[in-house]
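Chain nomenclature is as follows: A, B and C, assigned in order of appearance, with residue numbering initiated at 1 for each chain independently.
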Amino acid sequence: MLEIRNLACTRGDHLLFSDLSFSLSAGELLQVQGENGKGKTSLLRTLCGFIVPAAGEIRWRGQNIGELDEEYYAEMVYLGHLNALKDELNALENLHISAGLAGWAVDDRQAIAALRHMGLRGRETLPVKVLSQGQRRRVALARLLVCNAPLWILDEPLTALDVGAVGLMQELIGEHLAKDGMVIFTTHQPLEVAGVELRRLTLA
Amino acid sequence: MAINWFKYSAPATFYELAGKLVPWFAWPSALLFAIGVYIGFFVAPTDAVQGEAYRIIFIHVPSSILSMFLYLIMAGYAALGLIFNTRLSSMMASALAPTGALFAFISLWTGALWGKPMWGAWWVWDARLTSELILLFLYLGFIALHASIDDPRRADRASALLAIVGSVNVPIIYFSVKWWNTLHQGSTVKFTGTSMHVAMQQAMFSVLAACWLYAIAVTLARVRSIILERERNTQWVAELPEARS
Amino acid sequence: MNKLSLFGLLRLVIGRDLMLAMRRRADVLTTLIFFVMVVSLFPLGVGPELDMLRKMAPGVVWVAALLSSMLSLGRMFSADYLDGTLEQMLLAPQSLSVLVLGKILAHWMLSGLPLVLMAPVLGLQFDMPVQALWVLIASLLLGTPVLSMIGAVGAALTLGLRGGGVLVSLLVLPLCIPVLIFGTGAVEAVSSGMSAVSHLSLLGALLLLALVLTPWVTAQALRISME
């Protein structure tokens, strides 16, 4: 489904990686590894189309993502370092907006269910600025539940999460893969999903 | 590293080519400028109406023409760089900008010098002078935007977009300023009198040609420095005789 | 979970920006207060002769509107850039130009429209005749959206740069000169007993041109700046 061929990426004068090729099909889980500064985030941002690759191409369902553009974006969710939450709005409003930007109209019932699933019962209508870092991350992750997209690209999804939330994420990823989803992620914490083989890609 | 070689090959060859071309433009430019100024100041007759002061047009008019054309050429190069992702075109665009700004400035400066004896004021809100001032602002915006972005690729692309927006806007600005000027009954500079003496024409054209050649020579020299700066980490720059010494 | 339509997205973006502005009203008010202050400084600077003030009024109001719209440009994308929302906007499975148009419209409602509503009051300070006031409102109504649109391009190009606030004015102000000329020209034409129709229709043409081009250009600028 997702195919990367001879990808190269530069930042300024610096070549991060080149000749990178891999593919990902339904139900697969891929962890991108590498030391700091080896280009993990740049790779994920290239997969999102933010960065135009210096060489090589990225294909989704056989077509270049540059040509697919909006069709590709309809089938992916990206969660970066930043949570994309507004301090002034509450968790529910934030979720409505982030789902809307991803192209999904969500009603209150679904949004509240997603927030409660992420362990935010009773926090739904609090402004995000009073939530802790871990709780903010949970609000951001709730987006995964309301967007019906097969490809998840997660950059350090586990930062600031406690043990319980990490377990929840493993469960979520497992369910998503079972539904023929695909996940590419980076993390510095161990993440194991029962019954799924974890593929690793190391940037050196 | 096959890819990188391909990408870098164009600037590398151009660097050498530009180095060879610079003297071929620089010397004729100096020569033509000397000829043009000599004819303009010593051969061309004194103007019946404007006296000796008119002679400043031999510098004013060519620099005005150059400042406008160079903006369009710059925007053209910038657009090429943005659309086809050719690095050399973007470098040409940023090499042209300072020269264009310089000509716009000279045009304003000489315009003011000419205005004092003609209108008795250093600055008159004449349509062409005002447009020239706005053009200078556009150049400065381009240079400022390019200078304040650290990543050269983003700098090239962002300033290219600005140059294109600017060039769409230039005719609108020119038209609006003219409209504004006629409404306020301002005086408009009219250089092209009924009959221009042959010597005047000769002076004007040789200075104009000199300015063109100067612009090309300086741009090529500047683009060489830009290439060196951008490609400082590459093999071919390290192998240059001037880099090794 | 249903797909969101293009119009739904536009409404979402505008609604979101208005809601955010309502939760930090101070931002909107500072721009408006700045506008009022700048206009009120002129009589103090040049003297209270009504004849001169009446003549200066359209220019003063328009220049002040131009400056205050520069003031609020920084806010247009920077908050979304810093908290990561802009990344998500670029990933929206809808046209980015439409999304940008939504943000521009919201920006105009928050920074341009208040100026339009405030302008007649300020015009009275300068003893403008009623007819000229109406034309002033019309010209601002047509012109201030163009300022927001051209400003959006500059704001997108200078995203995340050092000294972006000053730089954006340097880039945008020269491009706004035609709007200023036709805007003040309309009022002056009416004051001198001519028709303002030609000026206003030129302003309308500028508005249409900007409406077609700037959302797309801004979208490209955002993509360049996010790379």
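We adopt the following convention: contacts are C-beta pairs under 8 Å (C-beta built on N, C-alpha and C of every residue); 3 or more make two chains touch, one makes a residue touch a chain.
All values derive from a computational prediction rather than experimental measurement.
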Contact graph of the chains (line, ring, star, complete, other): complete
Closest chain to the centre of mass proxy, which here is the mean CA position: C
Relative to subunit C, chain with the most remote C-alpha centre: A
Pair of chains joined by more contacts [C-beta pairs], B-C or A-B: B-C
Averaged-CA centre spacing for the pair subunit C and subunit A, given as whole angstrom: 36
Whole-Å gap between the CA centroids of subunit A and subunit B: 48
Distance from the mean Cα position of subunit C to that of subunit B, given in whole angstrom: 32
Touching two or more other chains - residues of subunit C: 227
Subunit B, residues touching no fewer than two other chains: 153
Subunit B contact footprint on subunit A (complex, rising order): 8, 11-13, 15, 18, 54-55
Footprint of subunit C on subunit A - complex, ascending: 48-52, 70-71, 73-74, 76, 78, 80-89, 93, 96-106, 110, 146-148
Subunit A-touching residues of subunit C, taken from the complex the two chains share: 1-4, 8-9, 12, 16, 19-20, 23-24, 82-85, 87-95, 99, 223, 226-227
Subunit B residues within the subunit A interface of the complex: 1, 3-4, 7, 150-153, 232-233
Residues of subunit C that touch subunit B when the two form their complex: 153, 157-158, 161-164, 167, 170-171, 173-175, 177-178, 181-182, 185, 188-189, 206, 213, 217, 220-221, 224-225, 227
